[in-house]
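Paired with chain B in one complex and with chain C in the other, chain A is shared by the two complexes that follow.
So, the complex of A and B:
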């Protein structure tokens, strides 16, 4: 809560702790867990929790990139199909082109960075709204994935099963390597956001881009950096998805941008920018995946899940707006 | 020559896009002589009205600097509600139509409450309702298609003046909206709110009311489009509406509506939507592989917005 420390008021500090995203997610999360456990005792078993933590990696990686972009006041709708395209490229490079592991990996990461770069170019140089740019690149990514695979599913086992077996390893506490990779990214992101000038710049740009310009911050550069990082996250997610299913296909990843947005928003990343921490994103992703798991255990079908997720997204943002109103009112009261 | 062009484009801002459309159509006609045949054109015009109606709602939202990306899926849901009330609950036709359209209206009112009332970003709100409506479509009758009684075919298959009744209904709605936009106080206020809401407020315009109106109208049009699409194919399909929002918004941009608000008119939107559909049709006609169609549409959207940005930058210079 470093950014609030300049409010100088002891009276609001308790309120701020309660209202901080990290705490305010835990309450509904605990209620959710309690209800589901009461209905289905299988929920709160170590095995199920491990499953939740292993499965959140994909949305989680996307949510890291997405939250960085949202913090700057932009959005990246292409991040889901970015993972589709990069995954397909990875598979094609490994199996069809036989490039070998390291070159394929580098190529894939380059593609991810390139997509982020295209988004950054059109939003920052051509000054087109990021929603429209990324909506267009979203379609282009999924289209390219279809063009490259021609609709075929590429089995990675034709190259080797090593990647698949790696993703199935459980080095510590029944959690997979991809999970630790994701967790590492969260830690790096948290450090970058909280303790480095870059993090402060990102928050400043999101809060008020015009003021940030006056502060001497290169706003397009900060925004572009976040968008390119989001592209990188899309590539990492694409590779992890390929490792997880041992196939590369154009059918996986599309639509994952919305859960990524939802996780980020639930985690307290404000859509008006300027707010959010990676710890919050982690909790948001856990919340999202737990919710999904709960709904599945309760036997809700896919479409009901969609409906509930939509409602929860609106609710989460509404609560965010309410929280803003409450804390500003409290601050005013203290000032008086 | 140059003066003449600038004179025309001052009166008809869609001038450039109409020329582009004409060139594109002539080229396609040269490549494939079936393109301008009566059969192809009738099929094209019959498939347009539903997305066109949704697009009109989107353009109203964009005009007041708001956004509705849930419109397509809401239309799909309204079609399902209409089919369900008519075929499963056996309500009369007017009641079923009313309920279908009312569903869209309710979504519109909800958008207005959330966006204007609570002050949440329109994009996030409509993304939420996109999920809600998209999921609800498949919850009605388990997402199974519901076929309307066969005698509705008489209406949907009838072709007054070569195209379906539904087409002419949408044309009528376009004319009404175009008239309201150009000739009434309400229309002028829509543009005022979109181009600068602060100034509009100082002029005594109720900005919140105008924004709400646009969002609610968009919901209403979505509802009507859903019901009409159901009548057109004589069956409620749960997948109806997926991807419509993309075509609708692309149509708006091509037709001169800008994301920053304050511009765009019904005639332009009609041209824009026609352009999007013609392009789809051309992809088929030129026998371009289906795999490329997504890449193509994405590129067209990007180009159309670039065009919009370019036009605006020129206007500022002038």
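So, the complex of A and C:
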């Protein structure tokens, strides 16, 4: 929307299209696909694509929450272990406490919202930097998860296999229910960001929080809403992880906050806030998951994969910086 | 006849679009305190920056002589070594270090080549130095705990530690209480006794009369007058400061002024860091429908703080606000906007705009409710709403879809005003709406102000440019040192009478 208006008025349409998050991901994605297909014909098969799309939902849900928080100019480092803790609660409530499905689900969602609320309280009311707050809650979550499970792995099949089976169903086009759930969240998020006041406000806060104050926007409220939504996304991810593995354990989820950041940034969510769309996040997650899949197929060492992912994060942020420079230069040139 | 310690001769400094200094000359003798006065934008800061090397010698025309010898400074460090001590207007100390460390920042080891600092030696040296300079500070004191006045003294001490021959003090009293001002004056006088040449920049008439030996007045980037102490004439000095030709045409307005719309009583805004000090103290004023009221006063008098606190951005310690006779509570900008107040900010860069957004989005953000269809933003309604104010403000751009980044300062200002008006306020605070914009854009903004008054809006207009206030306002509330120094009707208000109130010093110890 913004890009379109921009291109019409300033005449930098070509540059703007190239630099738009969607296009600037697609090009490297296609190159990656081409190289991997040439090296390994197993890559571009329907089965493998299904694998990629099934696996991306976990990082994907986290990336939705993470990108909302980043758009406001904050970060949520606790979102990975949020999924650990909420997943563990879900399993414990189902299997050990025998609360039943719906109460367990509600409890889990409440825990996720609560973690987001704690983050929001300390960043917005106590005015502590979100890096510090969420780093603290990250460790609190993983610690709590271990305390609650006492280190045990809880098999969900003791309650029922229904959830596991649900997550393996292929209702349409060989895609799983969790994928459709994730895709639904992306669509809702995209509509909210593009077409509703809250989306406009989130971008305003991230671009210039001082100006947002004079716009009449309740800045702490907008930031808190994003952080609490991120907490909810952590809980959804936690439940999906439990369904996928049919176990609840404190070993899943920690460290996933960084792939969520990488996906969001590759997807064009500005690391300084104020920019980004959910469509971009979707493409960012696809890019991240495809890359991971490619590296696995090409037999890259696990540690080497980490090195490459780190490099890609830096590169993605640098591209974001460059985009800012190029487009402002282009704008100035037009203005003259 | 003492020799001139420093002479600046025919300094001309040109910025793109404006001549900041036009053949300005200054001469200060050893053992003399010379005052430098002038309104905001008169070019005082520019000449000081030429003198202290912030502007390298090849970026301006004219000569600078120290003790009769011409000097060429490439940077402030060279100026410092040549004997120019400069104390900037803003207090600029290192709060985590103590007094001695602040003073001898660049010479902690007393010239010895060692990596360890001997604290005893450092404190002893500092104590002797401070005693010599007659500055009352404890070398080991925690800088964070010093008052603004003491921090100002510390900055002077730091400049003196370099053994300057010339000391430049740029409005050192703006943030000081009366007692701090007196101790500052004592120090300055003792430095004069020691033979330093002192250039004292100020706004305040009583300080000039009390402290200085001679006075240079600047106006519109030029020398406007020079006085020896014997010839001081307050009225004449004020006329020299403000007497300029009007270069803008002011539109006339014929509006019936209605009943009282807005009133504030006992407004106080506490200093954010210092206990029991106030940026705004016990301010009362009111505005009627269709009336344009000036908040006049010098920069730093607390004008912006008044409107920022009334808009709910700055916290206030007391203050009752009445709208249409009803008391209202305003603790955040949302509440202010709900009560029909709009603020056009002075600081466009910080508070004004989302620079990577289009004009349209910047205008409509202030009231998204207006442009919605169901839960969604309607593109059609948004374009209509934006177009209305885009046209009303006469923003010069290709279309409302253009990014504000690419606009000139004047047009950006119009977008800021458009954003405020989009929220449909009845009471509008305009904080320096014409700052840094060209004459044509200014005239358009005056028209816009008249339109607001015609619609029955109540306008509070802050400006440092007296002629525009004189022409545009119905009533004048003059602010000095965070307090109301006086109120003038249109008939009573002259540039002299406003200036006399604005430079008033409250002798109460705060």
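In the analysis below, the second predicted complex is superposed on the first by the 329 of 336 C-alpha atoms of A that agree within 3 Å, B and C clash if a C-alpha of one lies under 4 Å from a C-alpha of the other, contacts with A are read in each partner's own complex, and residues count from 1 in each chain.
What we mean here is this: a residue touches a chain if its C-beta (ideal position, glycine included) is under 8 Å from a C-beta of that chain, and two chains touch if they have at least 3 such contacts.
Owing to the predicted nature of the structure, the values given are computational and were not obtained by experimental measurement.
S.K.: I'd like to know which partner A:215 touches here: chain B for first, chain C for second, both or neither.
M.R.: Second partner only, chain C.
S.K.: With the two structures laid over each other on chain A, which partner does A:128 touch: chain B (first), chain C (second), both, or neither?
M.R.: first
S.K.: Just checking: does A:195 make contact with chain B only, chain C only, both, or neither of them? Give me first, second, both or neither.
M.R.: second
S.K.: One more residue to check, A:207. First (chain B), second (chain C), both or neither?
M.R.: In the superposition, A:207 touches chain C alone.
S.K.: A:307 in the overlay: touching chain B, chain C, both, or neither? Say first, second, both or neither.
M.R.: first
S.K.: Which partner, once the models are overlaid, touches more of chain A's residues, chain C or chain B?
M.R.: On the superposition, B touches more of the residues of chain A.
S.K.: Go through the superposed model and pick first if A:75 touches only chain B, second if only chain C, both, or neither.
M.R.: A:75: touches chain B, not chain C.
S.K.: Should A:164 be classified as contacting the first partner (chain B), the second (chain C), both, or neither?
M.R.: In the superposition, A:164 touches no partner, neither chain B nor chain C.
S.K.: Please indicate which partner A:152 is in contact with in the superposed arrangement: first for chain B, second for chain C, both, or neither.
M.R.: neither
S.K.: For chain A, give the residues common to its interface with chain B and its interface with chain C.
M.R.: none
S.K.: Considering the complex alone, what residue numbers of chain A touch chain C?
M.R.: 2, 5-6, 8-10, 191, 195-197, 200-201, 203-204, 207-208, 210-211, 213-218, 274-275, 328, 331-332, 334-335
S.K.: Quick check: in the complex, which residue numbers of chain B touch chain A?
M.R.: Residue positions touching the partner: 67, 114, 118-121, 123-125, 127-139, 143, 246, 249, 253, 259, 289, 291-299, 301-302, 305-306, 309.
S.K.: Touching chain B in the complex: which residues of chain A?
M.R.: Listed in rising order, the residues of chain A that touch chain B are 75, 122, 126-129, 131-133, 135-140, 142-144, 146-147, 150-151, 258, 261, 265, 271-272, 302-311, 313-314, 317-318, 321.
S.K.: Note which residues of chain C are touching chain A in the complex, please.
M.R.: 311, 313, 332-334, 337, 343, 345, 350-358, 360-361, 365-369, 372, 375-377, 398-399, 401-403, 405-407, 419, 423
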